[in-house]
Every structure is written in C-alpha cells, then in structure tokens.
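These notes open a run of structures that come right after.
In what comes next, chain A is part of two complexes: it sits with chain B in the first one and with chain C in the second one.
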Partner chain A sequence: MRRRNWYLMLILALMAIPFAGKAQEKLTALEIMRKVYNRPTGKEMEATLTMTLINANGDKRVRVIKQFIKDFGNVEKKIMFFVSPADVRNTSFMNWSYDDPNKDDDQWIYLPALKKVKRISSDSKGDYFMGSDFTYDDLGDRKPEEDNHKILREETLEGEPCYVIESIPKDEDYMYSRTVTWVVKGKWYGLKRDFYDEDGEYLKTLKINKVENIKGYWIITQTEMHNVQKNHTTRMTLTDVKIDSGIKNSMFTERMMRRGLR
Partner chain B sequence: MKKFRLSLKAAALLALPLLLATTAWAQSVSLTGYVRNYTGVLLHGDHEYSIIQNTFNLNVEQSKGKVAFKVNPYIYQYPDLPMEFKLREAYLDIYFNTVDLRIGKQQIIWGKADGVFITDIVSPKDLSEFLLRDFDEIRMGVTALKADYYIGDNTFEFVWLPTFTPTVFPPEGSIWRPRRAFPIPPKFDYSRSRVTPSLENSEVFGKFSALTSLVDLELMAGYAWDDDPTMHAVKQIDPATHRLVGLTIYPEYHRLTIGGGSFSTTLGPFVLRGEGAYYHGKYFNSNDPRLPESVVKKNYLHYLLGLDYTLWDIHLSGQFIQQRILDYDDYIVQDENTNMGTFLASRDFLNETLNLQLFVYYGFNNNDALIRPKLTYDLADGFEVLVGANIFTGTEGWFGQYDNNDMIYTKLKYSF
Partner chain C sequence: METLINRLLKYPKLVLMVTLVITIAFFVVMRKNSRMETNLDKYMPQNHPAFVYSDQAEKWFDIKDGIIIAIQNPDGIYNSRTLQKVKDLTKKLQKMPEIEKKDVTSLYTADNIIGTEDGLDVRAFYKRVPKSPEKLQALREKVRSNEMVFGRLVSTDETVTVIIARIGDDVFSQEFYHRILDLAKQFEGPEKIYVAGRPIVEGTLAYLGPRDMRRMVPIVIFVIIVVLYLVLRNWKSTFFTLLVVLFSTIWAFGLMAALKIPIYSVSTMIPVMLIAIGVAYGVHLYNHLYLHLREHPETDRREAVRDMIHQMWKPVMMAAVTTAIGFISLLTSQVYPIKYFGLFTAFGVMVAFVLSVLLIPAGALAFGLPRPKRKKTEDEEATLTGTEDTFAYRFADRIVRHRGLTVFISLVVVGLSLYGMTKVWINSSFLDKFGKNSDIVRTDRFINEHFGGTSTLNVILEGKAPDTFKQPDVLRELVKMQDDVVESLPVVGNAFSLGDYLKRMNKVMHADSEKYDCIPNSSDLIAQYLLLYEMSGDPDNLWHVVTEDYKKANVTFQLKSDNSKALKSAIAVVEKYRPDFEKMGVQLNYAGSGYKALVFTDLILEGQISSLLLSLVIVIVLLSIMFKKVTIGLIGSVPIVITTLISFGVMGLLGIPLSTTTALISSIAIGIGIDYAVHFIERYRVYAGRTHDKLRTSHLTMHHSGRAILFNAVVVIAGFLVLLFSVFPPNRSLGALVSLNMFTSFVGTVTIMFAILYTSNIYFRRRDLAKTEGKESA
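Now for the complex of A and B:
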C-alpha cells in the first residue's frame, strides 16, 4: 500500500524489507522521495502520542493524544482524541486525506465546550500543531511533486548509509525555503531533516530517537524537533502502538468524534 | 435555612471526589472539571463589581461497553448572592450497533452558526449574564430522550423533551435585565405563564445530518414552545379621558413550529457556512390599537451566512445574520428586518500558550455593538489566566441597552 506523507514516514513505520544486498539502481532525487512517500506500511495503526514541549528554560508541557489511522484505498482517514492537558480533553480532530493530488484534505474538529463538530480548512498547513514545533504540513501530506529535489551527496549518518536530498518548494511563498533530508538507503525513511525558513536561515531539525519492530514493521516511536531560532523542542513519543488491529470503519465518523474515547 | 441547605449540598458535592477516591469504583470513573474565579468590574460610575463568582464544575463519567453515564454538577458561589448548585447534565447512554440513546438531562446543540441561535433551539438559554458566559454555560441542559440512528456518515436524530424549559432571564435588579419600554409602569401577572407538564405540552425535534467530503449538512424540524415569553399587554383606558390609566402584562408562552437547516463547506482556503430556519406562529408585540392584547401572530425567517479564513496566522470569521418578519405590518414593534453581523479575529502566540482574540457583535438596525477583546495565557498545563473586556456601544438595541455595563474582567481557571 502507499504511504503518502512525511509524518507517517517519521511517525508510523519503517519498511520491513532488509537491505537486499543487490547493487542499487541509480535513482533520481524525486524517485527517492517517492519511495519515501509510498513506502509500504500496515493498513491501520492506533497509538498513544505524547508530545512534550520544552522551552528555552527547560520548562515542559505535555500533550497526550490517542490516534487511529486507516487506509481506505483512495482515502486515508485519521482521528485524534485529545487526552490531556485537562482543558482540551475530549477535543477530537478528524482528517480525510485523498490520493487525488487535486483534492484538499477534509478536516473537522469537535470542541466539547461548544458540543459542535466544525469543518475547518486544511489550507493552513503552516500552522503549528497544538503549540508544538511541528506544523500541520510537517505532520501531514506533502507530496513529492510539490518540491524540486536534488541529491546533494551520499554519506553515513548514525551508521546508516544515506542519500542527502535537498527539497525546494515549487511555491515560492511556502513557509520553508528548503529542507534537507537524510534518507536511509534501502529502508526509505528519513533519519534527519533540516528546515530552512523563508529567508533561507536554518530554522529547525527533526531527528529520530527510537525505532521499534512491531508486527514486522519498523516503527519510529520517538522523534524530536528542535527549533534553533526559538530554542524550543518538541519530543513525540508513540506508545501502545497497534498495527492492523482491525479498526472499524465507523471509528472515523462524527459519531465517534462526539463520543470520544468511551 | 435555604442557604444552609445549599451549603450542605455543596459540601456533599465537594466531598464526592474524596468519597469516590476511596472506592474501587473510582478506578474506572472519570472525574474532570475545573475551579474558576471570575471577577468583573464596571467601567462607568463607581466602578462596581459586575460579578464576583467562584465556580466549581465537576464531570463524573463512566463507560462500560454499551452503557455510560455522565453527571455534571456545578456550583456558582457569590459573595453577595445565594449560592447556586445545579446539574448541567445528568444522563445515561446506551450504545447499539447503529443507534445511540441518551436519556436524561443533557445539552443538545445544533447548527453551524457561531454565537447565534437559529436552528440551535433545543437547549434553552440562560441569559442571567446576557451573552457573556461561556457557551456551555449559556446552554441549559434539558431532560430529554435523544435517539441517533447512523447510516455511514449520515445521522437521523430524534429528540423528545417531555417538559418545557423556558429561557432564563436576569432577575429583577440585575444590570443584565433587558430594558422594556412601557407607556406607564405596568403590573405583571404571571398567571398565564405556566406551561403545565404533560404529554400534550412536550416538544419534539428531528434532524438529519450528513458529514461528507463535499459538504456538511443538517436539516431539522421541531414542534416546540417559544422559549421567550410573549408580553401580552392589557390596557385600561379611562372612558372619560380616553387616557391609559392601567397596564397589565401577561407573559405567556406559545407553540412554535420550526423547519430549517445548515451547511458548511470549504472553498479553497475559506470555510463557508450557512444556516436558516422558518419559524411558524411567532407572536410579536404590536401597537395596533385594534389588537386587544397588543400582540400579533406572524411567521418569520432567520438566516445566516458566514465565512472563515486564516490570514497571517490570524483566524478570521465573519457572519451576517438577518431576521425577517413575513407579512409585516407597520404596527409591529420590531423592525421588519433585523440585521446583525459578527466578527472574530484570533491569533496564538508563544507555542499556543498565549491567545489574543476579538469578537464583535454588531447590530445594523440600531448601530449598536458588543466588543469583546480578550487575552488568554496558559500559565501551566490546565491553568488559564484570562483578561478581557466587554464594551457595549450605541444607546438602543440588543447591545446598546447595556451601554452603561462596559466592563473589564479576569478569569482564572484550573482544569483537572
């Protein structure tokens, strides 16, 4: 099955196929990023996501989310239930992401204080997710075709042979002027990514801290985004990860957004 | 004695978490809520406090597979007013494969409008502090049977309210008491204002809703009571002088039939929302001398169009709302068209720990407004400090009538 986004690339799964030992074909940068984007994973995933936000003084704030993701073929649906902090508990967020490159995501948020499911625009992908150092775009779909890619070099990072890929957005007004990604050869996941802001200044770095093999898939269970300009860090940790556990289709409905985790 | 009883209730409520914590039952029961201090001071006159309120709000919930319950007691404590101890919600849930039942006191919220009530008419409003309270506090829970039937992303909802609950208005003497103009001081007679609890006097509502990729849609209908009383005015005229010598007001509730719907869809970076309803059989006050009680029955439309957009990380939202009385005659006190707008601008700072927001209601008919800036800072996870103001402009109209009630306020809230 396809895997279409950087977030899932980082958060969800790694390819289970070990290095085959064959001579690698000469790939273009775009082909490498497509391999990352389309890397096979399980069809379903549920997990508890803990985000720890650490500011320049070392003060920590913790957000806990229970999330469910399922691939329906031409659409991938995700629902998130906010567990803590207490003032956002029972808030839920649902995203439907389509294969069709011309179709925007559909997004809804349920606010328990208003007892309403509100449709929101998926256009603001530059917004930061829950005050973290990840934007919605960092967490969501960013199709390889949206950037121009170039192989800068090949080098070993943390013992893994990597392609170092520079990606420059085709949209000049995009929030990043470029990103540089270390893609592990043969496994096709990003081990590290540097982000540069609109002015070309170094902004932040995403690193993988922990990888676990769950149900035959390599699952990245801890990542860290460090914003060097604000000296602010977000650590994302996945626990209770279940792959292909049989999530019902009815999980991704307004009914469940309202009901929550009961 | 009454206060003493309330205190006992409050003490019992406060002790509840401790009691629960001592039992094995507590392990599966969710106890959440908040403690809040809310202090407001008027900007005019002697800078009296508009409110000093301490709140304890508790949500007790438990779920066991196909069944669940929730109880939401709360206490409002004031230094100068009797303490309020009430249940906002207390209901039971039963979940079937495609049907959910909710029985008991509950808040039921419909529609796509923000801060405006068009198809959102199941739960009545508590306007003790006008529209200034948080919306979950304006909405009153009502005893109801609610059944939801789900087919894919479509939902059919049926609601039965066995008894009628009217809007709560501010008590006599409150600065939020709506201003009413009478030619002479009236006498109020509430003998006709009671709606006897009976099967015949119950309310029923139905709604179809669909959440799709293209559009979110709601269609609704209701056979209800008008939550606001009609002020029937009986005049005593001196036959010799033909002058008004007496005026008796009979507040009375009337049946109302409503049909309407709402939608929400995205247009690129915009979210377009619409909502409208046809109200059949609403009573309006009239100056027609031929009418014995100065009221006339008319139908009216109430509708809204709204647009949400994000620009430079600022979330913007605007709504235009119109209420239009059909088959209008010039004796009716209310304008044929009542036009209102709302505007929201909100931006987060400091990794979403600081929020700056401006919300404005604007009444076109009287050129009056309610301007609500506020700054919210999360001092720690779950601990919120809010500083805000409520500024009323104009001299007449829904907002202008409170021109002397401009206030600044703070809210400190600890959620657990």
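Now for the complex of A and C:
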C-alpha cells in the first residue's frame, strides 16, 4: 500500500461536477482534463466503501472499509478502517499526501493482532489498491500535466455528449502506454476510460455506474473496473457518504489507528 | 484368396499401376495433412482422474512450466553490465507474444519487502541499473537478506542469476523454441547464458526427434539394401522387397493423415517396424522362388509365380495376421499415441503382406524372374536330397539328445529373467532421454548446482471450508512437511508455499528478527499479514500458492531431477503427512507436468502388461485355430513367453528403465517373434506328413525352416541395430533390445520350443514313433 490518494470519491478525476460551464468556446484537450481534475468535491468526506473483487471463476470477495478524508490545504490526509471480513476488522491505514511533488507520501498501517503501527515506504506508482484492479493512480492521483492529451472525437455515450480524449504519458516507462477517456461535456466527469498496457494492448476499462448529488457535489458512488487480460473485476460502492461533516483533525493520528472503530 | 491373387496377377502391369496410383494418392494426402504433435500433454489420456485433477489444480493456481534462463558471470553478477542484461532480457521476454508479462520473474521484476526499525519497506530491487559501487553493494545486501530471492533468483555464490518465464501448455512451438534460444544467444558474452526448464527439454526432444529420424532413415535403408542384396543376390528382388516396405509405410502414414491423426513421437517408430517386418516377407517369398527355380530350372514365369503363391501365401498370411494382432493388442493401452502406433503398424503390416503377395509376383511377371548370382550351391541342392552332416542336422540332433539340458537351461534363464524383472523400473524423465554430455543435460546440471532445481512437483492441499489456510496449525503442518521433504532429500533443492510468505511477513513486521521467521500463532494475524501482502506486494503472486478463498494451497517442490525415482522419493515423504492432514480435514493431491508424466508412465506399464497378456491369449487361440490343435497354440507361445521374460529381465538386470519407447518392445517381440514359431511349426507339420519320421522331420525342419528363421532374424537384427546410431539413448536401448528379442525368439524357437515340440510327439502316430526311437538310440 503505497502511494497516494484514496480518492475513491474523486474517483479518477473522472469525477463529476454539475454546474460546469456553458462554455461554448473551443477547449483544448489539456483544458478539458484539467477541468476534470479540478472538480470540487468538498473538503471532507466520510463514507463506507464496499469493495467487491470478482475473479475469473466468478468467485467474489467482499471487503467493507470505513474511510475518512480531509484536505488540509498543502496536505491531504485519509484514514481507513476495515469493517469486514471479521479476521481483519480494525486493521487500519493512514495516508498523508503532499502537494509538493518532491515529497513522498507518508503511510502507516496498524494490524490489531500485532498491536503495532508500522510505517510503510514504497516506490511504485503503479501499485494496485488493496489487491483490486485499481491502481492508486487510477483512483485520481495522476495530474493532467503528466500526460499529453488529444481530442480524438466527440460522441454520445449513454445519452451524454462526450469528448473522447486520448492521453499518452510523457514518461515512456509508465505502466500504461495510453488511456482513452469519455468526458461528459459540461459536467466534466469521465464516464468511461479504457487503459492500454505498456505494449499497447487493451488492458482494462473503468465504468461509472452511479453518480449522486450530495450537498451540491456530484459524487460518483459506484464504479467498476474490468481487467480484460486477467478477466478480473473490482466493483467499488460508496454508501453513507457525508460531505463536510466536520471531521476532527485528531482523526488522522496513530492513536486513532490503534483505537479502531467504535 | 489364392484364386483372387492369381486372378489379379493376370494383369501384372495393371496391378503395379494401381498400386502406384494408390501410393501416390496416399503420399499426396500425407504431404498435405500430416502434422507433428509436439504438445506432450496431448499424449496423455485427458479423462484419467489424476490428469483431470492436475489440470484443475493448474487452473486454480496458474501452474505453468517455466523456461529458465540463467546468466552467469564468474566475477559476480553485481556489476552494471550484467544487471543491465537481466533487465533487458526480462523486458524482451515480457514483450514476446507467447509470454504474459506477469509470468516473467527476475531480479528486475521481483519486489523486495524489508522490515526496518519502525516499519515496512516495499521496493523493487532495482529499476534503473545501479552504477556506483555503493549502490551495487547495497543491492547485494538487499538480495542476501531476502530468503525469498537469495538462492532462488540469485545463486548463493552470487555468480548466477535466473530469469524464469512461465508459459502455457499451448503456446510452445518449434519456431518459439528457436526464437527463445536466439534471444538468449544475443546476450551471450562475456556472460554465459544457459537456457533450461521443462518446455525447453520438451522442445529439444521434439526438435531432435525428427532430426534423428532424418539421419536414421538413410542409414536404415542403406543397411537393408546391403543385407538384402547379400541375401537375395539380385537387384530386382532387392528393389521389389524395398518397394513393398516403402509403399506400406506411405500407406500407413497416408491413412493416418487422411484420418487427421497427428504424428506422435512414437509414430516415428512405425517405419522402423515396417522395414523390419516387411522385408522378411519379401525374403521368404524370394527364397521360395529361388528354391523352386533351382529345382525346376526350366519352369516359365507364370508357373514359378503360381507355385510361389500356392506354397507361401498361407504361412506369410499367418505370420502377418499374428504380427498385426500383436500390434493391435496395443489398443488396450490408455495412451492414445501407443494405440495409434499399434493400429497403424498393424495396418502397415497387413498392407506389406498384401503388397508382398501382389507386387513381388507381379514384378516377376512384368519384368522377368530374378536370377540370383550363383554362389556355392551344393549346400542348397543338398536340402531335400538329404546330406546328413549339415550343421542344421547336427544342431537338431544335439537338441534332441540334450532335451533335458535344454529345458534346464531354459528354466535357469527364465528364473534369472524373473529375478531381473523385479528390478525393472519405470522412468518418466524427459531429460534422461538425452546423452549425459548433451548440451541440455549439462545446462540442466549447471542450473541444478546453483539453484533449487529445474523440475517441479506440486502438492495440492484442499481444506473443507474457506480460510482453512489461515489456521496456524494447518499452516504449521504444511511448513513441517515442506521442510521435511527439502531437508531429508538431497534431490529436492527448494520448496515454495504460502508458509514462505507468512514467515517472511512475520519476520519483516518484527524488524527482520530471525526469531519471527515462523508461522504466527493467531489466525487473525495471519489474515492481517495476508491482507497487508495483498496491498503491498503483487497479489497475483499469492494466488500461485493459495486460492482466494484460502481453501486450497499449493506447495511447489523444486527437484534437481525429473526422473521417476526422484519424484517418487519426494512423494513418499509427503505421503507420511497425509494422515495428519486428513485429521485436519485437509485432502492431499498432486499436480504438475512432472507428476502427470509419472502417472502417464505407470499407465504405459499397466497398458503393456494388459496388452501382453491379451496378445498372448489371442496368439494361443489363433495358433490353435490355424493348426487345429490347442497343444500347438501352447507350444507356439513358448518363444514369445521366453522372449518377453528375457527382454524385461535384461532391462531389469542392466538397469534400463521402462519408458514410452522401451515399453513398446514387448509387443514387438510378440508380433515378430511369433513369425518364427509359425514358420517352424508349419514346416514341421508338412515334413511330418511327408516323412512320418520324427528325427528326419526334425532334420529337415531345422535345415529348412530353422535356417530361414535365422536368415529372417539376421535381416531384422541388422535393421534394428541401426538404431544404435540414434542420438537418443532410449532409442539405442530400443534397437539393442529388439535385436536381443529377435535373437532370443530365434534361439527359443530352435531350442526349447523345438525340444518341446519333439517331446510332445505331435503329428506322429505311434507306429512312426517306434521307428524314430530305434534311430534315436542307435
């Protein structure tokens, strides 16, 4: 568990936002991706995340996680507690992600059976989030400036007019050779994204299943990532979403990691 | 039948033309549809429970055979050039369309999870190739402290590192094999590159097999031509005899191609069989023809040919039918390539018979009778006139006089053979098929010296409920078994299981303290470690050792040998833990290609025994019917029984293991050996009817048939000895064993079978016997 942002809720910059401009002026691909990236989703969020992992045989594993996120300006802090399965209950993770690009994230884990908080350091950006089909980058950590963007075409997907944008990483060694995103015009969230692996082969597809308006923010509450090469699917569902509900700063401490859910 | 043959022979040129056209048709089909089957999994019966289970387990845990590429630098691998090669080669392998990216493991792809004072550090060993001495040293330290990598991906003397590319069963091809070898070669120098692993061994086998055949066939044909010419002393006869063999081979392969049955490696033995058998028919027919011409120098073609057909079609047919039945008995084998081998060799034998009785006479009719160059002929002319002191006569006399001794010696030999048979062992090894100093064996030995082993055995443990493999007691038992196998058997170099991950995590979470290099006590902690690993390492690695519901686990043992003894020794140790596992509700099974090969070879042995017994019964019944006497059926089976016993006995005594190729020998012995009995008994019967004198009959039979059999044996043995030039040791033992079988069949026929036949007084009335007894005592 490395890497930053648990932006489940901001999912992937694919995030929504309602009142996007009526801007009729011609936008560049980069401008569109910035609009997607910078959509406001509130300062704080509290939610229950249900992660369902479905393997090639159709076997399902379900994990329920309670998570808290707060933006402190130059640092974003999140803490998450496992609710189930029972044998990992109260296992917790904390992540501090800094705006300063030269500063690595700080990460901690707490295993209740070991009764110890441990720091974790890691170097891989392309790591998969908790054994799912999402990488941390997929969850919204990747900045628009890291890729070159191009508008391929405009088309309607699921009744929504979309820009189809191709993004090619500037770093040739990145785990994807390109991604293609369908961005809803005016709402500025991605409806769908196709990923191509290092060798240019089709790898996986992200789809938004459900978007809810909570406190005036468009929050994506259900997404699904299907890895075609492994035939493996991860479904993430957010419930009990509370925006700006007043999470205490003391929530993001080792003490809270140890205390666990009450 | 005889009438039919004669009617057909009214149009000899037409017969030749039609045969030629059919042959060309088969040849065209063969060229168009023939396909070599190199996927060894296709050789195994797909619905056998052991294979079904193994295939399932291979899916659960994504078990695949690995190609192992070793990079050796005697000065140590920790320099930027060698590490660059590891990186480049890893990337090149990952880009190959046959290989999935995640299936390539090397120091470059491996994750290093290290415990530090206050936490956990998860990093690749290197991404950019380290250049400075400090960084290289740091890498060395990282590797040394990680027991999941040290000794597995990097040798403990730090001069060799391996890249493992796992590949599916279905992607291997000749072309891919050569591409891998070419790729490896590009990275050669000054580092040495070695390529090994089961897919490579199988690939080399599939590559060398046909190459070996291409090399063997011309030699076989040359030897046959020479021996045939020496025997027949005429080019025309040699030509037609060979034509029969060639055509029957083309028909057999043509039919295989027409039925869309691929060529398996054992199928390449079909031509060798047909050459050995088909030639004998020609030899018999021409022998008779020559004899007839010598006795009646003035006969015209038509009459000579008619006599040959009349006298010979029946014994040749009897020989062909029994031989074919011998091969058809292989249908009882559960192994498809062996079934096909039996079936198509039988077909080829029947074709060789039909073509012999059609082409050889048709050839004589169309192109004139063959007139052999005369050698010293007094010998032959004495045949029926009855000069008493030929070698054959004296030999027959001796056997008759020392019947008791003959029986005694036979019994001693049988006893020795039975003892030898208890020592026969089965070997499913692919590597043992190569010479001890072949490249592939040396590479394998090299990698085995530096790493755990190139062969694998998978032990699959299956619990009743999910999360079985989060229980400390179950996991401890697993680790205990794993350690026991590795420590008690030098041939097992390494093992890998869920236990290794947990021990590693436990140690790492306790600041790398050796004290915690064990399975934790609490199942919750185990679950939490596993969760942590899933989040920090590559979870896909975990699914190679346990299923996602933690109900089934896979323990992989690395062996330094793929031979059956090694596998069985590991299985024997594992089996000790079966009762303990069962008490915990955990079932134990095996999987993997090595295990499948082991089961497969056992099946071959089973198949051999059943096909042997079956063919023995069939042959006895057939002989009883042909000679209208059950006693003859029993006497006729004597050479086969003796031959088979000696064959297996010698294999046991010389330590030649039973394998796919050597296992075929027993039916070959039955098929060809029976010919001898048929010819000998047939002659004995004819002369008995003619002379009513037992001793005289013995003399004539021994002189005539005994010599013909010797002749036959010499031709067949000469043919099979060619196999001694094969590059495959098993093919060499095959050649030697078949030659041995032919020799013992021959000796068994003219000694012990003859002695029994003589003693049985069959074909003689009491009146005749009284006469003989007078002579015998004289």
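Just so we're on the same page, the second predicted complex is superposed on the first by the 237 of 262 C-alpha atoms of A that agree within 3 Å, B and C clash if a C-alpha of one lies under 4 Å from a C-alpha of the other, contacts with A are read in each partner's own complex, and residues count from 1 in each chain.
Note that in this section contacts are C-beta pairs under 8 Å (C-beta built on N, C-alpha and C of every residue); 3 or more make two chains touch, one makes a residue touch a chain.
Treat the numbers as computed from the prediction; the structure is a model and nothing was measured.
Undergrad: Following superposition onto chain A, is the placement of chain B relative to chain C best described as a clash or a fit?
TA: Chain B/chain C on chain A - steric clash.
Undergrad: Check whether A:Glu198 is in contact with chain B, with chain C, with both or with neither, and answer first, second, both or neither.
TA: After superposition on chain A, A:Glu198 lies in contact with chain C alone.
Undergrad: Between chain B (first) and chain C (second), which does A:Lys116 come into contact with in this model arrangement: first, second, both, or neither?
TA: After superposition on chain A, A:Lys116 lies in contact with both partners, chain B and chain C.
Undergrad: Tell me which partner A:Tyr128 touches in the superposition: chain B (first), chain C (second), both or neither.
TA: In the superposed model, A:Tyr128 contacts both chain B and chain C.
Undergrad: May I ask you to decide whether A:Ser84 touches chain B, chain C, both, or neither, giving the answer as first, second, both or neither?
TA: So A:Ser84 only meets chain B here.
Undergrad: Output check: A:Asn231 vs chain B and chain C. Expected answer is one of first, second, both, neither. What do you get?
TA: A:Asn231 contacts neither chain B nor chain C.
Undergrad: May I ask you to decide whether A:Asn55 touches chain B, chain C, both, or neither, giving the answer as first, second, both or neither?
TA: Both chain B and chain C are touched by A:Asn55.
Undergrad: Identify the partner contact of A:Thr253: answer first if only chain B is touched, second if only chain C is, both if each is, neither if none is.
TA: first
Undergrad: Running through the overlay: 441-449, 549-557, 693-701 or 729-737 are the candidate stretches of chain C; which one clashes with chain B?
TA: With chain A aligned, chain C clashes with chain B through residues 549-557.
Undergrad: After overlaying the two complexes on chain A, where does the chain B footprint on chain A coincide with the chain C footprint?
TA: 53, 55, 61, 85, 87, 108, 113-114, 116, 118-124, 127-128, 130-131
Undergrad: Show which residues of chain A lie in contact with chain C when the two form their complex.
TA: Spelled out, the residues of chain A in touch with chain C are 1-2, 53, 55, 59, 61, 82, 85, 87-88, 91, 93, 108-109, 111-114, 116, 118-124, 127-131, 197-199, 229-230.
Undergrad: Which of the residues in chain B come into contact with chain A in the complex?
TA: Residues 32, 34, 61, 63, 68, 93, 95, 100, 107-109, 112, 134-136, 139, 148, 150, 152-153, 155, 209, 211, 213, 216, 264-266, 268-271, 308-310, 313, 348, 351-353, 378, 380-382, 384, 413, 415-416 of chain B touch chain A in their complex.
Undergrad: For chain C, which residues are in contact with chain A within the complex?
TA: 94-95, 100-101, 116, 118-124, 127, 467, 470, 509, 520, 522-525, 527-529, 531-532, 534-536, 538-540, 548-549
Undergrad: What residues on chain A touch chain B, complex-wise?
TA: My answer: residues 53, 55, 61-62, 84-87, 89, 96, 98, 103-104, 106, 108, 113-124, 126-128, 130-133, 232, 250, 253-255, 259, 262.
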